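For clarity, chains are labelled A, B, C and D in written order, and residue numbers in each chain start from 1.
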């Protein structure tokens, strides 16, 4: 039973980690909690359903399933990234010099807007993602693992590594880290702040699209309100790992997924959502910098 | 009688040694200036004295009470007030409100007092208002009483900050570069204000770069360089001190 | 850095400077997968025409803003003689008292709801408007107040009046408890912790079946009963709410213009300077949370008494956001503004009943637009720096 | 303060009185929007169909019948406020609400106003146990449903170890508790617990259940959660049969769970209307006009006809008289003979067990 719960926890944790990457990057650059990030993940799930439905309609899925899944994934990544880009330009850019809480409140506004926008256009009842993989899977140390679960865990690890590599090695990655440290200095050495910020949102939203697609395939059922709770849990994961640190987000996601699975199994499954909040409050009290984050003396900044 | 005694005060931020074992005493009613190049640890010293930052090591005695562990607001109650290098006014409040709020620790009215408004509460509010107007007149801002603090010209904002510090009825006032960015005329007005404070029996510790002000007004001077006290004494002694010239004054000839 | 002044940069109009057709195309493509080609086409046409006219629209909007500015400045500077102010205030009171005699139950129902939300908004205004601490979990106190009375009444049969001090006291205490962890945290972290607290309270209400009967909620709560008047009838309840709302306004106004109020405003403006002039900032933040929670507890008990039924579904995060909107729309820190904000956000959706579906959509976009174009809200006289 | 002037203006703005006109008004209350909008629409269609038939024959008491639609969005708070609104607008009788969690609090309002309320779908026993004279239901009760389900497990499947879970709602938990009660000591309940409605991930609780090695899982709740539970159980290699109540009998259940996972699921529901001779006429009319028949369309249709017949026979708009008439009359509608007992429940409410077979629901077993 414990092995099975660990597998459950890892799958959940994988999804939280991918979303948490988005939070950590945006917070690192703008010190903004992108409250609407959870909704981008929800849009990713809907995009998955819509585009996959499109491909099934034109017969591509029956022609070759993997191709239509990959195409759906690419399309929803592009779709969510463009939403992320637009949201940054409309709701956050004008507030770049406003007091810190104004963009947060604006983000809450965007989050509510997106939830209702999807509810009105796609209807309030749950949308179903066709059940593709069946219950096929394999046994592993006494636990039953479906192929989809292993696929999710692998993808989240892969994404974290590639993002870590991207931020560490590539030019844009360096620029992002520079902007994260000191926006003014970064602009003085010729980094175009706006493009760096936009890239961060585009990447973060693309990651959220992948997470959304995963969840659509894994649960097969999606509605307009899944973004809210998942968003807060992913933020908790990012804070647990140390906001701003990419490995931290990954680690935080996995730990949160495991805690939730263990808590639901051994304490009570009804309070499943509460564990994330309890952890969040505890970390912020004891070690606001989180496990991997650099401790910023931010009380008197 | 010594109002303040600082012994081996030390403050490290990670590797940086902002203040390194500084000791000095301040006599009641005197004006002590602290000078030194930028980054010498002057403001950090102020922050330790006022409880904004906890010193790593060392003792601070004010009226024989150790301040090292007290929070800022208790230190103010003991009688130390301060101003800030970059002016920290309540920008949305009027000049009068800025000074009235400073008498917070002196007033006693609680929640029920302010709701039921007994006579005691009304009298207290009146005295607070009257006292505030006195302090505003002391620093010459009586024409601006109802203007929003944020709209005041730079010089007047400096003066308002001093008035606000005075409103906490301190025995000692710490002024952090009060004449920074002021023209000579405003600087001499500021020096008059400081002299008048001294006449009222207030002790002043001053961080200042303008040598004319330092030499003109200080009873004693301390020189800090890279967190270490390299000299202390009367203005003339310090001006001739070799160490000080090298570290700070350069080859100036008077 | 000194309390950062609110400067809205010019980058805002850069969106409109980009070729309008491109912008309209961009939005319609985003819209395409959701509603299909036909709807996207319509959106494209609508958007491109509106943006093309944007030059005139923008200048019109600017002149509107100037007029709006002038109007709200004039309102603030109308030198009403105290006598005519006295007349205006008491004639308003007379109308409010006479309201139940010539208005039908349905509108009384809304007036009562408005009263409850005014008390809530004024309570939140103490925390967000006066002290500058963004509390996203304010609904938790509203819920605690409502459930305390509901449980005391249904389980122990205690009436509304004897249980009022307990439910209000318990809420103020929970305000204090929530504030303790919040003391050491900066603005945005504090907001998320309070949000977490709000969700935890809702989850406990939803899952602690033995006490709160879970999602089914508690029904059969007694309305308040005083000296023979049963407050079940709407008009009686209306007066009860009117009295409590006026009481709230008077008390909060008096606390605002007292030493405590000044200390809160000082903390909002600059916490470091406040502690440097002798304000025990942690303690006063606790007072702000507890005092704000007190009023939410009162509103909760009144809500439970009115509906005679409480369930977790009425205490969600959206409720916190709605109350926050009232405070921001009205004007952070301005008491009449917050009252007006509450009135608008309760009555407007009722008046526009057919647009019920689009209510939250408007609320969401409203928040964004408010933050960009009018962070001070309608009446916020002072440009408030929602302390970082 | 000068700002109070603005307050004064906004309050005056809201004073408006609705105008009166002469019709018999009946109210429908249910989830018209939100995630159960489909159920609400079934109501609306059936009631409109019945009212049109009556208006074609001259309405009732010589006046046209007007229908007032109230949307409670499955939220108890809204249910109470829309109930007040319907009472204020002078409704003579109410068809609704849908969810038990809305019908129970709303019944307080209708009882105080003294007007009759007939719910076609709220099956929680509590609704009619509050002793309100004017509360009726044409559907069965969870305890009747629970009894049939328990009888099926004991006598037909002859199992010894079962698991009972519910979605913590008035309906779901009520049904699960009744099922458990009627199992008595005959069958051991190895696990009893709740899941949160709206949640998507039940792997953790299903893993705990798998550990208990039950022979059957009973779930009190509605189709979205039921579908997920079945699917995720099969993914965990838990292949024991799954059983649920009338809240799950919806084609979407099979779509969510996938036909393969949903195969062999048992569901308790009232007999298949297609098999009832008197229902044939209604089903053809409904299908012709609205297409697919919802699980409760037939109940809403009968409820409306019963109410209007009672108004006709009582000969007055007065709620009290209509309620007495409802208690005493015997009505034969699409569902056959309907008679209310003194608590407002239908005397005869046969529930049968259905089964899902290759993607469709079929009647399977009778007590």
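One rule holds for everything that comes next: a residue touches a chain if its C-beta (ideal position, glycine included) is under 8 Å from a C-beta of that chain, and two chains touch if they have at least 3 such contacts.
Just so we're clear, the structure is a prediction, and the values are computed from it rather than from any experiment.
A.B. asks: With centres defined from CA atoms, tell me which chain sits nearest the overall protein centre.
C.D. replies: Chain nearest the centroid of all protein C-alpha atoms: C.
A.B. asks: Looking at chain pairs A-C and A-D, which one is connected by more C-beta pairs in contact?
C.D. replies: A-C
A.B. asks: Please identify the chain with the largest separation between its CA centroid and the CA centroid of subunit A.
C.D. replies: Ranked by distance of C-alpha centres from subunit A, the top chain is B.
A.B. asks: Taking the mean of the CA coordinates per chain, how far is subunit A from subunit C in Å?
C.D. replies: From the centre of subunit A to the centre of subunit C is 30 Å.
A.B. asks: Centre to centre, by mean C-alpha position, how many angstrom separate subunit B and subunit D?
C.D. replies: Chain centroid spacing, subunit B to subunit D, equals 74 Å.
A.B. asks: Taking each chain's centre as the mean position of its Cα atoms, how many Å separate subunit B from subunit C?
C.D. replies: Computed from C-alpha means, the inter-chain centre distance equals 41 Å.
A.B. asks: Please list all residues of subunit C that touch 2 or more other chains.
C.D. replies: Only 206-207, 272, 357, 385 qualify.
A.B. asks: Using the touch definition from the top, which residues of subunit B touch two or more other chains?
C.D. replies: Answer for subunit B, listing residues that touch two or more other chains: 52.
A.B. asks: Two or more other chains touching the same residue: where does that happen in subunit D?
C.D. replies: 33, 168, 194, 196, in rising order.
A.B. asks: Okay, in this complex, where on subunit A does subunit D touch?
C.D. replies: 1, 4-5, 8, 11-12, 123-126, 128, 131, 134-135, 137, 144, 146, 215, 219-221, 223, 225-226, 260-261, 264-265, 269-270, 272-273
A.B. asks: Of all residues in subunit D, which touch subunit C in the complex?
C.D. replies: Per the touch definition, subunit D meets subunit C at residues 1-8, 10-18, 33, 71, 75-77, 80-81, 84-85, 88-89, 101, 104-105, 108, 112, 168-170, 173, 194, 196-197.
A.B. asks: If we count contacts the way the header does, which residues on subunit C are in touch with subunit A in the complex?
C.D. replies: Residues of subunit C touching subunit A: 4, 6-9, 11-12, 15, 26-27, 29-30, 33-35, 134, 136, 181, 184-189, 191-193, 195-197, 199-200, 203-204, 206-207, 272, 317-318, 321, 324, 328, 357-358, 360-361, 363-368, 370-372, 375, 385-388.
A.B. asks: State the interface residues of subunit D toward subunit A in the complex, per the touch definition above.
C.D. replies: Listed in rising order, the residues of subunit D that touch subunit A are 33-38, 168, 193-196, 198-205, 207-208, 210-211, 224, 227-228, 231, 234-237, 252, 255-258, 260-261.
A.B. asks: So in the complex, the part of subunit A that touches subunit C is made up of which residues?
C.D. replies: Against subunit C, the touching part of subunit A is residues 31-33, 46-47, 50-51, 79, 82-83, 86, 89-91, 93-106, 108-118, 120-122, 228, 232, 235-236, 268, 270-271, 273-274, 277-278, 280-281, 284-285, 288, 298-301.
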